[in-house]
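Below you'll find the structures, each written out as structure tokens.
Common to both upcoming complexes is subunit A, partnered first by subunit B, then by subunit C.
Coming up: the complex of A and B.
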């Protein structure tokens, strides 16, 4: 989870390092801690540290973690020879290590030799059947080959054992959404909200999936989750505000024939539209006219 | 931290408590000689215990520093983005076509 302070700190360090100031090692540590994917910058600055033998020796035992980080970043940037060199260095230092074996299998995956990578992962799993990262890499391998149903199967098996892994639930939800299996995706998001109820982004994604599914009940639940997103983010989430407006108009359209249950929906919609107009006036005043005409068309149809 | 007032008071409180413990054990020894029951520590030991308690509590609150207030709704603590799922990262994306920068080699 990246909070706002951490994000500003990361951006500041990034601009500092990019413009030639020092602090490359702190930047790399922060990237590793926050688990963001900045492979090109990691590769550039990591190599600058590793190629300078003085800086490298000043790192001490952290040097090997840096080799691993740079190896993965190199694979992501498709600089496979850099990755191979890093993995070789690590292999010389730690000859019988599972972690290095995993890196080698990732290198095979990056090269595109799917069969060999699959064999490498299976053999790693035989030695240690409870290695979470290797399970997840196997899922990623299936995903990379385009075999999404295979990836779903592996991921479900993984989640039967390791039910508390939020990243895996999120990945499963995203795969389901990409395959348009929205009911299953909704289930995954429900699991996520149960385990981490204060993260607004899960509420938002869940509400999006429910809105896509459609139907009166789903729309009402989606409106509730958009509202909880707004509450958790202090009213700053534009997407949730739009979600409320759209949900209200869709609900009104669906329940036109039936008896109108006028709870507090007119208040909520007018509040949401007012908040959106204020935000647009502040940030993109040129688009304000487009916004007001969109709202008019929503109200007309509802 | 230096020898601030809180640390001194804490040390005094601990000394008072340990003195009270010593006095109680001596009192019990005295009772064993006179073969009376040990109903409770004598009155001055009780006073000493209360004083020691107050001093230690004061020191425990004063020494570690000021309390910071919790801002649950402040902007700095809001989650901006979820971590990119690096465990499920795949490598055959469109980034392959970008020309890598020159000098991207590991010198060995």
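Coming up: the complex of A and C.
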């Protein structure tokens, strides 16, 4: 996670470097530390250091780290020639290294030779089955080929061992949603909520999935998670507010004719619509009529 | 003794200084040798997985109230059922760590390498000091000390009449052996392999049983009561929205 102060520091350094104020190396170090993706800048400033032999040698052993960083950035920007040069330099310096082997495999992947890259990753994993980066690359490889079920398979294999990696769970959840496998996606989101119970986005996505699944019980639960999102975001999340309205109307439709045993909090829905109306008045008053007609079609009144 | 002993300057030049220099050089050499011999050990698959299982089970315990009861029960069964739950350790499989240590030749090998790199140079230098410099009074410390320090400073000289502030060569060796650690961490960087005390700690840490962690986590999971926190959130959301609207 990148905190606010770190981000401002990064942006300040970036503008300084962009305007020729120096500090390129510090900027690159910070990018590496925060693991942010600013490949174009990294490529530009990293190359300017690498092409200047005096600056490069003053880095000492960090030089090779920079080569690696620039190589990955270059692959991201599809400057394959640059990436290849960097990898070749590293290859000359560390002929046996697994880390360089990983870069080579990534280069193959960037070129689009999927089969070779796949083979390279597999052999890397045979040597060290606990290389998380290679596992993830393999998932990305399958995903890049459009082979989503393959990606799911790899991810599941990875999660069997590294089951505390919530980023992987998140990726898996998103893939499941895109394949409309909502039950599995719901499980993944539950896992995410467990690992970070205070992140409202997970509550929101979980509620979305539950709402999509449908059924009275799921709808009730979805409504609860929408409310928790509202609580965690302080009512600023428009999607959660709409979610409350949708859930209430769907629940009302489903439970029509049945005895309403738990007629819980009609307030919540009217409050949500009121909050939405206020929000629209402030930010997009032109769309207010659309909103009211939408409410009318949902048969909810404010 | 009334008069002070006068130490020959040749002793300083040929005993005190060489001894110190040799000790430092050997320390540095040992660092590089142990660095060479250190084999990169791959973590054991089971250990990695168990660590991750424990983390996930802990998450489940901490966040249990944030997921619906049905999901929680399913997960708890997954973790702690008696047949193939992830946290369930079959009886008798809790391996004796001692036995495990000896059954794994790599681990024994690693420890032997570490010990060898420590013991061999120490015996050699000790023999060298004993052979060439035994019985020398190598230095004098500039302040008086009580009799209790005699065994520390005058190892190898069995004279009770010599003043305690004189240091014998063998004691000087020992002082160097234990006292140069600070210097090494200056020369070789913080994480040098010289730190003997730390190594001792590691060795005693071997007695830990990883399966205990699992069963402790399982007990923790078994006893928690699931109380879904979400219904409360509806009221809290209402409160938030009321504040927002008004």
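Please note the rule applied: the second predicted complex is superposed on the first by the 216 of 302 C-alpha atoms of A that agree within 3 Å, B and C clash if a C-alpha of one lies under 4 Å from a C-alpha of the other, contacts with A are read in each partner's own complex, and residues count from 1 in each chain.
As a working rule, a contact is a pair of C-beta atoms (placed from the backbone, for glycine too) under 8 Å apart; a residue touches a chain by one contact, two chains touch by 3 or more.
Computed from a prediction, not measured in an experiment: that's the story for all the values here.
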| item | value |
| --- | --- |
| Touched partner set for A:223, first subunit B, second subunit C, both or neither | second |
| First (subunit B), second (subunit C), both or neither touched by A:195 | second |
| Which partner reaches more residues of subunit A (counting touched residues only), subunit B or subunit C | B |
| Touching partner for A:274 - first (subunit B), second (subunit C), both, neither | second |
| Which of subunit B and subunit C A:164 touches, first, second, both or neither | second |
| Touched partner set for A:139, first subunit B, second subunit C, both or neither | first |
| Partner chain in contact with A:284 - subunit B first, subunit C second, else both or neither | neither |
| Which superposed partner A:234 touches (first subunit B, second subunit C, both, neither) | both |
| First, second, both or neither for A:109, with subunit B first and subunit C second | first |
| Common ground on subunit A, meaning residues reached by subunit C in one complex and by subunit B in the other | 234 |
| Complex contacts: residues of subunit A adjacent to subunit C | 128-130, 160-165, 187, 190, 193-195, 197, 221, 223-228, 230-231, 234-235, 264-265, 267-268, 271-272, 274-275, 278 |
| Subunit C residues within the subunit A interface of the complex | 42-43, 45, 48-49, 52-53, 55-56, 59-60, 62-64, 66-68, 71, 75, 230-231, 233-238, 240-245 |
| Touching residues (chain side subunit B, partner subunit A) in the complex | 73, 75-92, 95-96, 98, 100-101, 104-108 |
| Contact set on subunit A toward subunit B in their complex | 1-5, 7, 34-37, 43-44, 47, 50-51, 70, 72, 74-79, 81-82, 85-86, 89, 106, 109-110, 112, 133, 136-137, 139-140, 143-144, 167-168, 170-171, 199-201, 233-234, 236 |
